[in-house]
Amino acid sequence: MSQNKIRAAILGASGYTGAELVRLLAGHGGFRIVALTADRKVGQTMGTVFPHLAGLDLPAMVGVDQVDYADVDAVFCGLPHGTTQEIIAGLPPHLKVVDLSADFRLADTATYAQWYGHEHKAPALQREAVYGLTELARDAVRKARLVANPGCYPTSAQLPLVPLLRAGLIDANDIIIDAKSGVSGAGRAAKEANLYTEVAGGIHAYGIASHRHAPEIEQGLSAAAGRPVVVNFTPHLMPMSRGILSTIYVRLAAGAAVADLRGELSRRYAGEAFVRVLPEGVVPATRHVTGSNHCLIGVFADRVPGRGIICSVIDNLVKGASGQAVQNMNLMFGLAETAGLEQQPLFP
Amino acid sequence: MSQNKIRAAILGASGYTGAELVRLLAGHGGFRIVALTADRKVGQTMGTVFPHLAGLDLPAMVGVDQVDYADVDAVFCGLPHGTTQEIIAGLPPHLKVVDLSADFRLADTATYAQWYGHEHKAPALQREAVYGLTELARDAVRKARLVANPGCYPTSAQLPLVPLLRAGLIDANDIIIDAKSGVSGAGRAAKEANLYTEVAGGIHAYGIASHRHAPEIEQGLSAAAGRPVVVNFTPHLMPMSRGILSTIYVRLAAGAAVADLRGELSRRYAGEAFVRVLPEGVVPATRHVTGSNHCLIGVFADRVPGRGIICSVIDNLVKGASGQAVQNMNLMFGLAETAGLEQQPLFP
Amino acid sequence: MSQNKIRAAILGASGYTGAELVRLLAGHGGFRIVALTADRKVGQTMGTVFPHLAGLDLPAMVGVDQVDYADVDAVFCGLPHGTTQEIIAGLPPHLKVVDLSADFRLADTATYAQWYGHEHKAPALQREAVYGLTELARDAVRKARLVANPGCYPTSAQLPLVPLLRAGLIDANDIIIDAKSGVSGAGRAAKEANLYTEVAGGIHAYGIASHRHAPEIEQGLSAAAGRPVVVNFTPHLMPMSRGILSTIYVRLAAGAAVADLRGELSRRYAGEAFVRVLPEGVVPATRHVTGSNHCLIGVFADRVPGRGIICSVIDNLVKGASGQAVQNMNLMFGLAETAGLEQQPLFP
Amino acid sequence: MSQNKIRAAILGASGYTGAELVRLLAGHGGFRIVALTADRKVGQTMGTVFPHLAGLDLPAMVGVDQVDYADVDAVFCGLPHGTTQEIIAGLPPHLKVVDLSADFRLADTATYAQWYGHEHKAPALQREAVYGLTELARDAVRKARLVANPGCYPTSAQLPLVPLLRAGLIDANDIIIDAKSGVSGAGRAAKEANLYTEVAGGIHAYGIASHRHAPEIEQGLSAAAGRPVVVNFTPHLMPMSRGILSTIYVRLAAGAAVADLRGELSRRYAGEAFVRVLPEGVVPATRHVTGSNHCLIGVFADRVPGRGIICSVIDNLVKGASGQAVQNMNLMFGLAETAGLEQQPLFP
């Protein structure tokens, strides 16, 4: 039976998103992992690099150019941005690819060059890439050969904001996104700033007015609003391993009430398996989505007249990365969208 | 199809083990939850008490005496010890029961009375109860109507020690178990000692020479050794939500080497889905089993001649409670032992 | 020599702010603790209730009505709001009092009644009370007999905002305060919501648009702006024991630049021992003030034209409570303002 | 007045022990910091490297060979082991030195070579060095020119064990030290294993039977016992920034009772400012010593006849490193032993 499974390769499997893909695919009946690649950790087994996965039967990690792509159907690409464009451009055309890096997220290659510091290396491929915020691009994802998997912050921010902007319920000129992220978003690279002792017991903002997820968010919001949108986006690093909370401050459009916002989002996401709009008064917490592909959204009135507050939570490694990647790949291969993603959150 | 599922009731569903049972059964094809009970939280929904489970379709929580047990096949009982004996004694005899409390774990009711401060209230039922450390009592569990699900610490300690004592490889008179537990083992009751501010950033021993899991461990080790065993068991509370590490210090039997211990355990658990004996030099960590039903065991030489060190890790809420309960119930109903328990650990 | 020390009583010493007062006064040459009171823990020693202080020579805890106030000069009052007003009203008039509760913070007793659910019980005393945000009320504090010690959130928010509103550099109609707090702000009472397992590894907003510190902040900002100010104030609970970060989003007044804001705050706090305005580009973190009476303020340009971002951090138990109380009491007795508060932050 | 202060240099100031020395000396009336050295961070200010200390007036960090040692009286040396021996050997002889590395802790240079992998580079200096476990070597420290500051684990283990071995109250052949450490003990170097995401929410043993603090502990215990002692020493890494708990399992000498052990330790440390033996039944916790130079010791009966349990806690960065270094330097210069070390622990 496993002969009929879709054969998946994970490029860049030695990072947290790679391990998370393995975790999710291990519980997925439709895929079989046939190749894992790494850079510095080539030759090691997944179980050595990630002992929590040592019980699985997995191929050893090889170099990205050592994979026989003729025996692969699906590629999850978790390589660093910058190198990704050329590698994906060099893959055989029969492959379906979900790219978890930032390399194909910005449709405007000039914007890419401005924020990432070098020219885009595969502009033709960029035109083909579908931005895979699944709930908002399902049909395009189904037909896509290359999906740019959204960033973690952009996922948490756009899921509530895009429908509200499309519906004209909020002022596109006054959007403030105060986001709080767990440390896994910074990856597994050894950096002083991410040591336990540097992160535990405290919080601080970072990348103020300069984080690369800002243009990605603005791309989505601009399309929804029908004109250029500039947002305040202020991420914070806090002592949790997983999770993002975006607390979003908005100004209501003339005539709109907070209940209208909640109503619009409830309608928009009514049939969705992973996005849930909470009843009035219920506050989402990151710990309610840990390990799951869920996004919870709460909408609240502000004391300042004419303003509202939206809280949106996801697990940055699941809906913010590997889970949404599996969700997209499911669609690309005509599988059930929820396959491999049914796990409930882990709490406490 | 769900009509053919085994109908499960969870008594005491408002605690962490109750929520964990719901999480596991939600991903289990063989059971359908038909009743949830609570005490103080009667009338609330599971999603109110545990928002991470709010997306599931579950019955509201009722009192333990409001359940129509005629429509139930399987009972998971997570009530406080003391009250459990009478409640289980009063259940209809057609039910299969896994009790997660301590009420049926000690075969000797005098020992129970000594450690729990009151006479055993169902001694006849006690004689029928099977102590469900699954890997060591599989056949008895299969035939059982009432399984006493082992304590978390006893699970982590007995899995390595019982086979070694049975094989005569270690000295039964010189066993020291230094255990470190996450805070969920203390339950969800509001206690000053378990506040975030009281637990974060520190560690301390508790229940020194007086913890109720000591007689439970000694019961199993005595049976394995064929004579009374008294152990040092010193639990510690530390800032993690889930997990137990038991670092166990043993004296080797005359002629035995550390490699013999590792070899014996490897043979003993060779075919097991959930217990894994690690290769020489690999150290288990609690974070490698989080959310899973796994137990990892490492065996190490001591610098002191003739001594060895065993590290055993589990997730206290899964293999140490709800996961092992599902594992036992699977056996009692003739299902695959791993059903509902295939989830990989969540890391980081 | 200790005979010449000011004799201090701490009412409500069994909570975190009480313990923190003891810690600070233990290193303060000018005060001698002559009385400690508690409610449920009457009769216990400080060392039993707070083992980290067991090495100090302290009076046992008595009831609040068992203190001989004739032998007391200074009272730190850390009782719950509601009961505080009558107790302070009943104290002998020779005493100087710093009240750490909310009971005398709101000058308008109608506002108090609205937010705290009962009529103010000592309106005459309210008129006498000085709101002790030390750096902004130093002269009044010096002459005060009763100081209302500010709340933790209001301290972190008002220190940057009041000077900017006074200088007319920001728009009083568009102030958003997204605050993140450690758990000690919730006190030591045993509550399910503050258990380690409920708080660790996650974050959520609480008290959205309804937190009692909102009117306190607005009182100060309105005075500074010269007209009524309503703010968005959204606190979040996160897994750290101490610390508050207020990330404040402001709209610049016409003609004002971000550098003007930083310049104004730098000038305003140039001579201050505890408030430090950071150079451009330096981001404050809560962990940089842990255990100290410091407040660090950073000012940043937003990508949205005409907007700015201010980050303000304090230790909620020190500058946000007990440290500022000592600072105020120092002034009230003519001592050096920094006495007992010279400790550097503890990191990591 | 600051002209009369002892002029101190801190070599290797860019690590956690360096920052901790600065913190303690900032509150110490007797020392003035005249030089700070770093390696990779040469040229930076202390406030840049450690923002929590940015408010202090400190010299910039220079290379270790750029210090004018003629203007220095006291050297705190926090350099990596291996390089330290030659650097200290090259310092002018008028300097008093406390070395926080492991380079002069082992009196037997052959043992040093065996455990540290290279020949000792200053054997003559080694003979002069005093092992500065202050309470057990006070007189020698007073006269010393070079003090080898003990390791963190050895401090926590030897303080209780040395007096008991000297008094013949425990069996030197049966000592098991199960130690739990915070992450700051691993230093500030960027390592994958010490990332927040790798440490949070879990625990594991490391350096089993191979940690370099074992021979240091055995050196002290052997001297106390009057014959060679080999111990089991098993350290664990857990999610806290500071603190060590050593849970020590001992066999009582013939005729000795647990009360004798507690009594002996109580007598031995009766007059000590920093070591406190707790009353029967009181369990020490690491969080009760955070930030202080305290060591708390509890002694408990085991359920296994003839055995006892000792819990010993310190802050690894204070009594386990920088605090004990200041304590030693105080003695070397004839200052009050407690100068600069009077701060109470920080809790929560």
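As written, the chain order gives the labels A, B, C and D, with residue 1 at the start of each chain.
Convention: contacts are C-beta pairs under 8 Å (C-beta built on N, C-alpha and C of every residue); 3 or more make two chains touch, one makes a residue touch a chain.
Here the structure is a predicted model, which means the values were calculated and not measured.
K.L.:
Once the contact rule is applied, which chains count as partners of both subunit B and subunit D?
P.N.:
Common contact partners of subunit B and subunit D, which must touch each of the two, are A, C.
K.L.:
How many angstrom lie between the CA centroids of subunit C and subunit D, rounded to a whole number?
P.N.:
Roughly 36 Å separates the two chain centres.
K.L.:
I'd like the Å distance between the centres of subunit B and subunit C, where a centre is the mean of that chain's Cα atoms.
P.N.:
Inter-chain centre distance comes to 45 Å.
K.L.:
What parts of subunit C, by residue number, touch at least two of the other chains?
P.N.:
Within subunit C, residues 16, 182, 184, 197-198, 200-201, 239-242, 284-285, 287-288, 290, 348 contact more than one other chain.
K.L.:
Could you tell me which shape the graph of touching chains takes: line, ring, star, complete or other?
P.N.:
Shape of the chain contacts: complete, all pairs touching.
K.L.:
Applying the document's contact rule, which stretches of subunit A touch subunit D when the two form their complex?
P.N.:
16, 182-184, 188-192, 194-201, 239-241
K.L.:
In the complex of these two chains, what residues of subunit A are touching subunit B?
P.N.:
Touching subunit B: residues 16, 19, 22-23, 26-27, 50-56, 184, 200-201, 241-242, 276, 282, 284-285, 287-292, 294, 342-348 of subunit A.
K.L.:
Within their complex, state which residues of subunit B touch subunit D.
P.N.:
Listed in rising order, the residues are 176, 178, 180, 182, 197-198, 200-206, 208-209, 214, 230-234, 236, 238-243, 245, 247, 249, 283-288, 290, 300-305, 307, 309, 311, 313, 348.
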